[in-house]
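In the two assemblies presented below, chain A is common to both, partnered first by chain B and then by chain C.
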Partner chain A sequence: MGIQHDLAWTRLPVALALRVVSPFAAAMTVSIIYWFGTSNSGPTVAFDPSQLAYVLVGSVLYAQVASYAWVPTVAVAEGKNLAVFPHIYLTARSTALYLAGRAVSAFVISTIASAGALAASYYVLGSFLHATIPLNVTALTAAMVLFALVVDFPAALGMGYFLGAYSLYASKFEWSLPGYIAGLLMVFSGALFPTSVLPFPLSTMAHYLPFTQFIAAARDAIIPGTSGNYLLSLGLCILGGGVLLLSGLLVYFAAERKARRDGVIDRRMA
Partner chain B sequence: MEARPWLRTMKARALVRLWSIFGERLWIVVSMGFPVLTSLALSLLYYSIGATGYIGFAILGGVMVSFWGNVLWSMASQFNWDKQEGLFEIYLTSPGSLSAILIGMSIGGIIGTVPSAIAVILIGWVLFHPVVAASWGAVALAFGLTLASLYSMGMTLSSLYLTYGREAESINNVLQDPVSMLSGIYFPSIGAGSPFPIALQAAASLIPLTIGMEALRGALFSAQSVASIWPELAVLAAMAVIFLFVSRAALDTLERMGRRDGTIAVRIR
Partner chain C sequence: MTARDDVTVEARDLRREFKTKGAPAMALEGISFKVKRGEIFGVLGPNGAGKTTTIRILSTLLLPTSGSAAVMGFDVEREPEKVRHVINMASGAEKAGYDFISAKRNLWFFSQLYGIESREAEKRIDDLAERLGLTKYLDRKFYALSTGYRQRATIARAFINEPRVVFLDEPTIGLDVMTARSIREFLEDEARKKDRTIMLATHNMAEVDAICDRVAIIDRGKIIAEGTPDELKRSMGVPALVMEVTPPAKGFEFLGQVAGVRGFTSTSDEERGLSTVQVVVQDDAAARRAEEAMSGSGHRIVASWRKETTLEEVFVGLVGQGFKEREEQGDGS
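The block that comes next holds the complex of A and B.
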């Protein structure tokens, strides 16, 4: 249903191509900012293609998470607006599985879109900036990046459940959440700059976020010469993701029970 | 056309927009999220690479992206949403002018976006102390003309989106980031310092935001006076007038076609 909802409204190639445009443009924007800043700040600041790869990979990955982590929210909001949400709730006395299914489909679509955005921005940036961006793309490294994306899924789903719990009660602010998620990930996930740039204790908190760790792992896999530890990053990501998913589920179930008691499961305007 | 009913229609629509924004305090805070966080992240990116002299670009970009988001989501899409809710038919059957409604919507949108823009400036100023060398008269003129041309473009898009159904939202999603990139909200996309080939720079120059950002950066960070940036100001003024006429013509055409084909009241296509 999620795949149908997100892609079947037009022809499949068109729907997928449209999904690529936004992460491509976002990745281009931050990569060009890096290029512009380093190329015009005097001799003390030097343009480094490895750093460009760091920014490019980070920007595509944060966009990938941002584009599916909010799907549970919109699934609740849209479902209530179209009056299908109460029926989904009634079929299993919970909508948690439905939200997980929608998140899985969005994850698949956003992964394909992000791969397309990375490939497109790699070639376009190389052409515009006359630079060779050092990315080591082989079957093995691609599989390692994909594995990192999968490992991060529980964390994103956990965040989705928190937002979904909010969405059970809200009736208009939920539409602004994608912007918040994208913005927070930009600042705190180490997507564009090392988390050490942030002041303490934010830097420490941001460093141990599962989203930061999965981006670090993906960089370790695909950017040559990165000094991180792929397995350690994935381990931390799994740990943080497990905590986030468990707490997200507990909050969502509690919100669902309360929503039923308060009679807002089928209320369009909360 | 009489001026008084036109002005009253405009005022009424502007007030509805203002009440919808300022009547819900949480909404003001919520609408700040994306521009503030994006501006903060990109300022930190400039900071982390040692390009501290350009942090002001990220802050100015955050201010202007607030207005660009407002144009896309609260101007361009609005008539389409109004149509789906049955409000557009009421607009058409009322004696109020559609242009007055659109301009009222723009004025309400601009005032409603100001808190978000102020938040970006304050947070950016406190955290990063960006270096500013401004010619304030030129800044004010460039800012005013950029908004005028941007919201005129929003009126044109609003007319065009009426012909679309659910595609309108997808078009908005597709437009937001590429236009932000092409128009150089956070870095120069035309002229010196642009990474784009000439053809792409020429295409980007058709977007009012591109010209506006160029003029604003010149006036705010290089103390360029009105005499220095007058070509950009003239282009912005011309764009504002042209888009205004195009939106009016597009609305008239769509209304005529809608009446002829009986599609004005069709909510979902």
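The block that comes next holds the complex of A and C.
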């Protein structure tokens, strides 16, 4: 049911296409910008296929996280709009468990979609740019990337709870704000460029974000010759994810309690 | 079972204030009542009286500002999780459901949120659908259902977890007579045969008269009368006075000034050139004064007689004429 929900109740091919197009477009856009930039900047910056692999993996994984991290927001907003949210609220200890279930479903779909988007981008860019993009895809490296995706889940869910807490109070179309906040991840997660290029203290904060560490670990697994430490990155991701999940849950529970006091649990959104 | 165990819903001095831009609005001003097991308890009141606020507090959607309430002995403020295990609620105004899946999938979705085993859920859905006349429409997408069948599905959802107490807010609003009647029959069946407590907030006097064991009339956040429909009718004292007068008119506000008149309603029939005025009076002397006032106002009384008081007249008598003006001003919570 959660999967169907996440696929917008539509047919599987249409739903998967909907999910694949977004990360595919993100990967193609940033890759072509990179290619265009390096091709027109003279001899100082040469086109480097390993850099292409860097942005390709980063943009696809960013899109994967962004597409399911804000699912709790959508679940609350949609539920309030259809008046089902109060009834979901009445069935359980809190809606936190329901939101986690929705996020798991979205995680499964977005992971499949991201793998498809990565394969499609790899094929199209390789043909279009006549470049061999250095990605080392084996059963082991694919499993390592998948493991990194799973390890990053608590962090994304934690962010989802923060955004869901906001969504409890949002009215009209205010609920779409978390979508733009998720967009900021592209800047602060090292998806397209190293976080070290950001000004201090943003660079330090961004470096320790679990999303940054997760993307770094995935790159370590799949791009040959990277200098990172897969296990260390995963460790930092678990640590940061734990903090984010715990604080996200606390904020969500507090928001839910306050929403009950203020009478907005069953307030329609728009 | 003790007498106290028999009480399934209890409100004690329940108050709820809403913050507004001006002065805080008091939706409930200290209401207290008890509802017994297996009882259909009606909450009647004009718009903004506090009916929905009461239902929202008891179903754990809203916290009271002060006072307390318990459902099956569980405090709604301190033990909401326990309350939620034994209740369900539905509102006639909202038609909650996912549009793009069938009525059956919607019911199944909620059954899973209650942790009902899948086969058992299917059985319950089929049973509820059959009793609510929904079977033929179960596989239709929710958006494709007519208002009546959507509402039947909404009622089915409210009973999917076999709750001990069900809160219903205007469950038959906007429905045709036959659909409303079949829902009422279903509710009576659930209360009488399965011993479920049903608390019903409504405007519909006929509905309350037909199925409610007891009624609380609520106005401006206060309970102004409570009892069985028959007790409430008897409390009005004497049968209502009905007058057919000419020429037809709309305003008979002067009747409100007559001593012993508790309220009145009027309708005009231009074709017959008459207005029919029903006056709720406290005694025969008040009825005579009302007739004199009518004659003195320039209207001619063509006919007058006495009729048994209906619940609607009780309501009008208790809530009074202020109700109509408040409704027109949109003074609601």
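Throughout what follows, the second predicted complex is superposed on the first by the 258 of 270 C-alpha atoms of A that agree within 3 Å, B and C clash if a C-alpha of one lies under 4 Å from a C-alpha of the other, contacts with A are read in each partner's own complex, and residues count from 1 in each chain.
What we mean here is this: a contact is a pair of C-beta atoms (placed from the backbone, for glycine too) under 8 Å apart; a residue touches a chain by one contact, two chains touch by 3 or more.
Keep in mind it's a predicted model, so treat the numbers as computed, not measured.
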| item | value |
| --- | --- |
| Touching partner for A:Asn40 - first (chain B), second (chain C), both, neither | first |
| Touched partner set for A:Arg261, first chain B, second chain C, both or neither | second |
| Greater residue coverage of chain A in the superposed arrangement, chain B or chain C | B |
| Which superposed partner A:Ile32 touches (first chain B, second chain C, both, neither) | first |
| Which of chain B and chain C A:Ala182 touches, first, second, both or neither | first |
| Which superposed partner A:Phe193 touches (first chain B, second chain C, both, neither) | first |
| Chain A residues contacted in one complex by chain B, in the other by chain C | 9-10 |
| Residues of chain C touching chain A in the complex | 18, 56, 59-63, 81, 84, 87-89, 91, 94-101, 105, 108-110, 112-114, 157, 161 |
| For the chain A and chain C complex, residues of the former touching the latter | 1, 4-5, 9-10, 82-84, 86-93, 98, 260-261, 263, 265-266 |
| Chain B - residues contacting chain A, complex | 26-27, 30-31, 33-34, 36-38, 40-42, 44-54, 58, 166-167, 170, 173-174, 176-178, 180-181, 186-188, 193, 195-197 |
| Contacting residues of chain A [partner chain B, same complex] | 9-10, 18, 21-26, 28-30, 32-38, 40-41, 44-45, 51, 55, 128-129, 172-173, 176, 179-180, 182-184, 186-187, 192-194, 197-198 |
